[in-house]
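Following are the structures in question.
Next come two complexes built around subunit A: one with subunit B, the other with subunit C.
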Partner chain A sequence: MAMHRGRGFASINYPIGMNLGGDPSQALVHSNPDGKFTVALSSIDLGQGMKSVTRQIAAETLGIPVADVYVDTADSDTGPHCMGSFASRGTHRVGNAVIQAAQEARAVMLEAAAEELEVDATDLVTDGRGNIHVKGAPSRSITTMAACQAAQFKQGRTVSGRGIFLIPLSEVDPETGEMTPVSCFAHAAMLVEVEVDDETGEVSVLDMQSAYEVGRALNPKLVEQQLVGGAWMGMSHALWETTEPYYPDRSHGPVDFNNYLMPGPGDLAPHHISVLERPAPDGPFGGKGPGEMCANPVLPAVANAVYDAVGVRIDELPITPEKVLRGIRANGGARPKMRLARTQFAGAR
Partner chain B sequence: MIEFRKEFFANERDDNLNEIGKPTRRQDILGHVTGRSPYFDDHLFEGLLHIRCVRSPHHHARIRRIDVSAAEKMPGVVRVLLGKDVPLNLNTLLSLLDFGLDDEPVLSTTKVAYKGEPVAAIIAESEAQARAAVLAVKVDWEVLPHVLDVEDAVKPGAPVVCDVYPSNKFIYHGKFDHQKLRYGDVEEAFARADHIVEGRYQMSPIEQAPMETCGAIAAPEVNDRFVCFTSTQGLFFSLGTAAKLLTMPSSRLHFVGGTVGGGFGGKVDSMHEPLAILGAMLTGRPCKYAWDREEEMQVGAPRGAERWYIKDGIARDGRILARKFTGYFDSGAYTRLSSYAIIKGVGHLPGPYTIPNVYADVFCVYTNRTPATAMRGFGITGVDFAIEAHMDKGAEMAGLNPIDFRILNSYRDGDMKAHRRLAKNCALVECCQVVAEKGGVVLTQASRAATSLLDGGGERARLPSRTATDQNGIVSGFKGGNYAKKGGGASGPQPVALPIAASAPTPASASLASVRPASPTYQPAATPPPAPQPPAPAADTARHGALRFSSLSGFRRR
Partner chain C sequence: MAKKPVTFILNGSERAAFAEEGLNLLEFLRRGIGDLSPKYGCGQGTCGACTVIIDGETHLSCLTMAVAIEGRKVETASGLANGKVHPLQEAFMEHFAAQCGYCTPGMLMSAKVLLDRNPAPTRADVIEAISGNLCRCTGYEPIIDAILATANMRRLA
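What follows is the complex of A and B.
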């Protein structure tokens, strides 16, 4: 009886947003008299960082520090319509709506500044630190606070903007499936190393090497938490989770976390992530949604690694010790494949 | 451990931005780490009532009688709700997109089609009292035969799960009992392939497992309105659903949410808000309806199980010539969102590879299981497991390293995809190369030199000269137009009309992604455009009070 190591690979792409379109999101942006901005949304923060990423997008677009922006969500009396936080659509759809709203508000702020500085608004730039100045002449400047104050108390302007983002609805041809699904794709590749015990059938994930292409990492820490957590979920789907009872009476189904199996901290494997960024032409600053796709490559990569280790194809999830043992027995013993063996020439970079 | 490989696609980005790309701390972190961020369940009004549902113990049964007389007399019981108390007791979630027929009651009155289906709701002063009263409701069940397997469910003579779809299959476009994808001719390509690889893959149903279970608290507000604090993932989605079921204008509803203890797709179904608001309407008091962990796991909709059959035809050099799919999504007892997920899945086929012949039949199947719903990767995760496990077998059959096999077949900018649009903004090749390098896997010279930016388009941008179509699975008794025409379709790259003659010069491959053709050669099969439909009276009454975001399909039952 022995432990067998194996490596499995998978690569995927992932469509961002509700694929047929027709899923608008809106945003409203306005300034307090002192140049502090509120972004009003009805989008949901599930912990993925919706509020934070839209706050950075608004600040970047307005040309002001992130500390000067607060995102208020989600109250149907004050926030405009949003389809919801699902289908990896939050960053992409809401982010674009926020850009549009912030651009409109920024234009008013610059017009107000131009009037105060007695210059043309098209000659003005923001420095991202709370100042507006004439292009090439930093000394001719006004703070964003003073510009917003002047707009509201001297000039009678609302420093505000409205935004909506909508990918129009696509048709689907009933006979061929021709359609215009989504507007951008995220990508990933994953190499998983496992160890399989041919006596117990247990599979341990030892190591994960991945590359995720996310358009642009709008906030690298938020991207990291999504990728780390999502890969954990993929590993959990592959090896542990099911609402089905392991034995056939449906009354044996799990009702709590004692019998709904998931990996614990001791089951986690080191995950070495590389992030690539190829901006999506229609994404907010090129961003795509990393939240869903990060789990997907792990499931098949684990199944392929089990095959590499002991020569058993498990095509039915989850990959339980029982299925592995039955497969080994049917083959008359473990049959390691070692198709992705590390070579001595590897890793030179 | 994370690294950012900025050298890739560097000329496509401006990395000198003020706020974008910065690891800025979360706006809401202080509230989260000090336990002060308010979730729906923190709105515990004085005098709050608690709702618990009476649920079916059977997979499939007719309801002969529901006797609530004993339950109504139990201590603390304020009111018992039955289906007749729900103003419009039938809905399908995607009716907000005009997609599919209303098929699911809030509280079932005539039959149940899954174990745990609610038939009555107890409103009581305490949760314990509500639980006790649930046990006192007597339901006279007539147990019916049930079906739990997708392929059993589509066999002739299988028990009918959902009367709206008597064949146990969702009807697409009012026309077919499955969604088709037809691109080229897979059978012709299989005949000339050097290797044939076949597989069957089964995904398990999976619980979203958020820390916070689903729920809502509703209360009467001043001026004849109702406030609803909710864990929903779609605030206006749930608001629209509640307005429809309660036949109430959206202006009388005030929804508050936005901070949710994990969703992962399980908080879209809007099961709690309508019942909590209905409770508040009928008692005049604040009402809470939330699942406990057992309900979250066994009644709350899981990620549905999917079964996929894949057949590949591969040439001697490792290129995939044809790929055929048959897929069965287990939707459980009702549609919820599975029908839409299938469209998403079909648009995703055959995965991130350029394959000149692709075929798929994908069925949304009703079984007597818990209705399925969204979960992280909805419509994609299951088929990606199938595709990538299958790719591993294909690589072995072709005698190639699994990473070389992917890169060889990977899609590149300007390639035609099976849904007849050009690929753009691709990065699969680069992801494969980075992982191979990190993992010490030596690739062929060709794989190392490959790039998503080049080598695509040209011949690879062509539509197949011929596509084999069919009328398999055609149905009658349903009518539906096509998807809405208004404003749609023009946002993405369109098919490039390349002449079929091989001698025609092809434009430079790199520029193909942005080319928009004057006249695509591809014409959908000779189907007359759907005739404008007179408004169906039944559907119009059913629409009463419903907020409709858009019109996806003119899908009505005759």
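What follows is the complex of A and C.
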């Protein structure tokens, strides 16, 4: 009886968004009487950072401080339509809609400022600190608050904008089956090292090395947070979690946290992450979406590492000690480094 | 069910309210007192979201009878900030130790008891201290980092 170490690798292309009859998101942006802006969305922030990243995108596009933007994601009854926060689509779809809405609102804000300064709106720039001034002449300036107030109280304009981003439905070619369901892919590669106990069948993840390509990381700390937490979920799905351990037999299905297995703080593996930034041509400021992709490479990498460690190929998740032990028994014992042995044998021939 | 008066100290202030005899402390704090910082997660003592401190020890408020806190000192996450945010809360923000935030009040309680007893915890000590608190978002790593960072900051201060 022994402990066997194994390494597994996996890489993925992960499509951003989905294509069930088209994939739209909308955003509405308007200024308030205090010169600050509200972005209205129906997209939900579940802690992944939707509010923070759309706030940054709106501020950058409007040319105003982040502190002057409020993002309201509260209500799908009163907000503009959004397909939702899933499929890693939030930053890409909603971010693009916010850019379009903010550009329209910015144009009105600059027109209002132009009227106050008696100049042409095309000659105006924003400094990102709450001022609008004539290009090359910073002293000819007006605050964004004064411009928005003038628009509302003197000029009778709404400083507002509408935005939508749509990936239209891609029909399947009946001859070839070909389609273009998404415009944007994120990528990841992961190397996992595991240790398998051939007496108990237990698998522990010792180390994870990963590289994630996420377009531009619009908020690097939020990206890191998603990658760390998401990869943990991937490890959990690879080795612990299931609601149907003997599907389609319902027996031994967990009914509460006492029976539902997942790794705790004592089961963590060190995770070394490289974030690669290859800005997406159609992403908001080049952003794609880490989202679900954080978890995905972990599962096949762990399955490959188990195969490398004891020679058991498991294709049903999670990889429980029972499945590992049954596999070892079926093989007549642990067979470490199967792939290596086979390669050497082929070489010898 | 009969109601009993319960007098106790909540986050440093004396409070008194009536509690039904079978009522658990979590419901008592949330509905009776209006302190919403302890969270209802599982209601059976496995998730740790309802963790509060009673006389310096962590307790699962969903498994504690409200009448049992008569005359005792109860601390919750809403009492951590005193004028400014508590160093633990500061570190949780700094290290992005919350995503959805539902486990955070319980995590803060477990962390506070650990640091009150052990100003120089090891990583293993931190893991043991929060092993009764489930988190579904962060992968625990940022939470462990935040607690260790708080201990380090205190030693330097």
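In this section, the second predicted complex is superposed on the first by the 324 of 349 C-alpha atoms of A that agree within 3 Å, B and C clash if a C-alpha of one lies under 4 Å from a C-alpha of the other, contacts with A are read in each partner's own complex, and residues count from 1 in each chain.
By our rule, a contact is a pair of C-beta atoms (placed from the backbone, for glycine too) under 8 Å apart; a residue touches a chain by one contact, two chains touch by 3 or more.
Remember, predicted model here, so these are calculated numbers, not experimental data.
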>> Quick check on the superposition: with subunit A as the shared anchor, is it clash or fit for subunit B versus subunit C?
In response: fit
> Who does A:Ser170 touch here: subunit B (first), subunit C (second), both, or neither?
Replying inline: first
>> Here's one for you: vertex at subunit A, rays to subunit B and subunit C, all C-alpha centres; what's the angle to the nearest 10 degrees?
In response: 100
> Once the shared chain is lined up, is A:Leu268 touching subunit B (first), subunit C (second), both, or neither of them?
Replying inline: second
>> Applying the document's definition of touch, where does A:Asn13 land relative to subunit B and subunit C: first, second, both, or neither?
In response: first
> What is the contact status of A:Ala330 with respect to subunit B (first) and subunit C (second): first, second, both, or neither?
Replying inline: neither
>> One more residue to check, A:Met1. First (subunit B), second (subunit C), both or neither?
In response: neither
>> One more residue to check, A:Glu277. First (subunit B), second (subunit C), both or neither?
In response: first
>> Going by the contact rule set out at the top, does A:Gly47 touch subunit B (first), subunit C (second), both, or neither?
In response: both
> Of subunit B and subunit C, which one touches more of subunit A's residues?
Replying inline: B
> In Å, how small is the closest CA gap from subunit B to subunit C once the two complexes are overlaid?
Replying inline: 5
> Can you list the residues of subunit A that touch subunit B in one structure and subunit C in the other?
Replying inline: 46-47, 221-222, 224, 230, 233, 256-257, 262, 271
>> Per the contact definition, I'd like the list of subunit C residues that touch subunit A in the complex.
In response: 41-42, 44, 46-47, 96, 98-101, 126-128, 130-131, 134-144
>> Per the contact definition, I'd like the list of subunit A residues that touch subunit C in the complex.
In response: 46-48, 221-222, 224-225, 228-233, 256-258, 262, 264-266, 268, 271
